[in-house]
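The structure appears right after this line, and notes come after that.
In this document, chain identifiers A, B, C, D and E correspond to the written order of the chains, with residue numbering beginning at 1 in each.
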């Protein structure tokens, strides 16, 4: 049987590969969406944080002998702490201003972080091996699925839906949503909004670092790994509806699949397909797929 | 200082409070004292600084100086959420209902800061509209319903000092009447209330004392007893 | 020419099954001041939003001077002489008071898209703008930046700007909300003044204003018309008294 | 006569971006070394200065910089000019201003074909030589069916075209290609396609991070043991960052390997001491080109572009980088290339011990012959 | 109040006059190619500022206009062989047309969605430019002749070229200035201040935004075409989203919504880029990043904006 001129087996394997990439998009765009939602800041430094996550994993392994599993915890914590510091020192001053300023500041931050890493580690990138326990692959019949990639999907989805649950279904989540909207009033009701905001930024950034650790064994760990991805992730967030949690998760996964299919049908166009989808979606639904207008 | 023998201990005292928004200096040294269980109003024209006085207590202005004592504690340097946790409930004039939460979530958002607050059921009895629309997103409520919700959500927390900014604004007379009854009950329960009102007919029977503001300064203090004789003057200054 | 300038027929609006406005047929007589009152959540704002096309109706039609305008864009209706004013003060804060009014007048020149012309070409509107400002008593503030004016004066400016469009029908949403007594009387006078040769439909909670100004009153409850008539008629209607005032004397409800 | 009595050499390179490891600061260092060595050895009567700039990989910045150097600072030659778009832009300006370009870093063979001019020397390597060397060797060793993974831009297309021609000429077959956007990050879709094609060899017509990721992911998806990869533009810096585990067994062609003989080792160790990295073929070529240029200036006693160019074209090059190298009329510097295989991790005895040299490809065979040249300067 | 306004106007006039004269003599003191680059980007930023600074529309796709116009101008000059002024005009028209297309698709969106949809459209343009053979793809469109202005004046001299660029810039600057101070500009201001109110006064807001967008796009195109003439090449850099970002930076750095801000911002960015790249090598991005951060934290109104605020403060006290 053939679909789109491909045997079903090939199609199935391409869909799966697309889903794997979609998992990265989902985790990254989720963090971005949370940060935008609560801080009203378009975090241009998100790619840099993702890159830092991967580098922390690499440094932990090569310099301190800390394994992948350790890195999976350490990197988000360290990068999250870095995020907390950034929020406290810099972003805090921008909340009352237009989006534009947050964007500019985080863009500047991204330049700084990337520049420093480039200076320290060169541009070519470093290799990070797949952890022992996840090496090898699973022959699925239609394809050979590297175990590690299967793990990526599982880990990413767990984190995404865990986050969604926390935000939509718990009291803490209600504080977050309320604090997003009108921090002053929520604070006047007795909730410590500044801390809430700081922690949220830290958490969003930690998600990026988590994605970075997940990515380290798959991609070369390089200072530019984040900036290349960032603009696509932005598109994902916008298509999903700015600040919508579920929107960013589903759109991330969905776009991964659509992009994967494009790579097969018209590879040259795979870098542009996200934007085509974006124009179409925004034309039909001005606030994105899941956005509140 | 407060003494245990006084029947009405002093609950809130503002001394020489100045408030600023950015570079504009709005309050020019306000002094006022409210005792436990009292209800006072702040009167004045539009822009005279009544809302700003309430915001200063909550720490919601750009900058403030002077002294604000709450129940014997200096709170001028405290963060807003701490002040709220000391048992101050604030109902802002713009209502500030949260769109991303449902009506009921809005109602239950604020943490309970002390015992003795109303239960959700009591509140629904008081405002049946809210019960009916409990699952609707907060800002999809009508203007008046939002006003009820803004008031209701601070009744739940057990806060003993209520700062109420124009709570009758946009409410139908039926509801205004009910609110008047509620405030009377609250007073009896020992709540301390600072009211900012345009609706003098509503405020006059409730208040123990009236403070009159003009251009950010306190120009008169009128105890309830003196109200009849000062009515003419008030009419002139405020146009009521 | 019909006696009624605005007419709705069976206008309804549902929000996810909740009927905020149901089957309201309302006629506004040409040259009258018509008020819409009712308890909170009765559907006044929703009705207003339907009539001004800020919300699409679930069913029913809207007619302006006998023409069906249910599906017309707001800007188009505005050009027909059907203008709304806003609940929140709707001015252009960083323009001068004169410029504010001129924006309203400018469309008549037909040069609003001429980006190559000098601004000075607008000076010929100044006299007309001044006349309008004088009409609402703002003549001496012509050069003030709007943001610096008091609430009541902004309200007056907004009305002056609206008048620039030579509206036949003005819709006012709670025109006295948030005002001190002094401003209220100023605005009431103003409305009375500009109502000559015009029709006004307003939503208002302040019953003294309603009693003062309005020729005809429609009372909404739970999305439907409960009563309609002059102030005297309505204020004697026991149903209205119960649903809206909560006592048996309407004057209790005056501010 | 030397203008301003100074010979000014500009190093216009990528100091901060994608290509800063394979050219970048290394090129600056190589230039510095060449100047110092030349001064020490030849004691020239003229002063030599070096200026450097980062073109951020933008052709317009490069062209503006070159123009400024020529117009304001009296720069005599611009060197390195990494990436083809940059090189082409600089060549145009240089031609206008009649100054020399020492292209040690750009790849495209078009520099000495349709885009050639009489002020440019393409030194070191080009896509033709690399593709030719690798593709020929791999096909000859039995890799008859190929699939290309190509970066979708001019450079990738050129490499793919050059290599396909060689493969077919050797009796091999090209089964298909996948053109991926540049830059990309996940190549698994394309690799699965390559896998499905059943080709014996997957030719990587991409560079830098793209190539590194392709190689890594090919191993991950279990493609490499069954199908082999052939990198068509790999630098030692890439192998270093990818590690031998990922790259072992690959064939590639290079113009320089530091561990080839005593001379290369001696120079490379000096380079290493300052840079902490072994030189790429671009760094070595940069040294050689600058040295040759200075020699020609000294020999002619002028920095006049045409005279120096004529001198350089008639002087054979014999140094650690190239033995018996020569600069042809189309500007191509022709020298021996080396087909190498990447060592297994177990075979690597010391740091940077990465390659086994499998064959030396004589210059005339390695580079496109003058007869096939599309350069208008070559009269046929 | 009135006096205040007119004194501000006098000051703007005086600054304009001084700058104009400075522009005339500058190439004798400063390297002309550098000046030309500053002017081209300055015009680009002015065009962008018209949208963001005066209507509040953040377009993140302005590179498309700069770039496409550059390519069109390049093709007309090199492959068709028209004179430079026709090259610039055709580039400008092409950008205007493209702007109209973008505008029709994007104008009804607001805020971040508007920014993103313009970005997406610009990415598609980038893709087309990359894929279409005639543009030279990654290699760029090279070897554009400067030609003879009106068929007479040889532009290969930097001085002649400079005065053409200067004339183009002044024209563009004038158009922006005029647009802001026109009946149309009045409505734009009104829309920025209170869009809902403008609608209720009977103005079809989308149409105004669209016209402004097209003007801005065409002017950006004019800058792009001129830049192609100066550097004799059009490259992917000009169509890349980084360029769209850079123009935001220039405008903000100089002062959003000020008349001279964009020019100052572009001069600063161009200077930094060329000076830093020689001196600090790989630290250039770190330094640029630090400048943005500092700028956001301390110079929020941009250089010109802060300067004006300072003058005002000094004037008041």
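Here is the rule we go by: a residue touches a chain if its C-beta (ideal position, glycine included) is under 8 Å from a C-beta of that chain, and two chains touch if they have at least 3 such contacts.
Chain-to-protein mapping (UniProt): A, E = Branched-chain amino acid ABC transporter permease; B, C = ATP-binding cassette domain-containing protein.
Computed from a predicted model, the values in this text were never measured in an experiment.
Shared contact partners of subunit A and subunit C, listed by label: B, E.
Across the assembly, the mean Cα position most removed from that of subunit B is the one of D.
Counting C-beta pairs in contact across A-D and across A-B shows that the higher total falls to A-D.
The geometric centre of subunit B is 52 Å away from that of subunit E, both derived from CA atoms. Between subunit B and subunit D the centroid-to-centroid distance comes to 76 Å (mean Cα coordinates, whole Å).
Between the Cα centres of subunit A and subunit E there is a gap of 33 Å.
The set of subunit A residues that touch two or more partner chains comprises 115, 118, 268, 271-272.
Taken together, the chains touch in the following pairs: A-B, A-D, A-E, B-C, C-E, D-E.
Remark: subunit A residues 10, 13-14, 17-18, 20-21, 115, 118, 122-127, 129-130, 137, 143-144, 146, 148-149, 218-220, 222, 224-225, 228-229, 260, 263-264, 267-268, 270-272 touch subunit D in the complex. For subunit A in complex with subunit B, the residues that touch the partner chain are 174-175, 177-178, 180-182, 184-194, 292. Across the complex, subunit C is touched by residues 1-2, 178-179, 181-187, 189-190, 193-194, 196-205, 207-208, 211-212, 215 of subunit E. In the complex of the two chains, the subunit B residues touching subunit C come out as 45-47, 93, 129, 133, 136, 140-145, 147-148, 166, 169-178, 198-202, 238-240. Residue ranges of subunit D in contact with subunit A, taken from their complex: 16-22, 152, 178-181, 183-186, 188-190, 192-193, 196, 208-209, 212-213, 216-217, 220-222, 237-238, 240-243, 245-246, 277.
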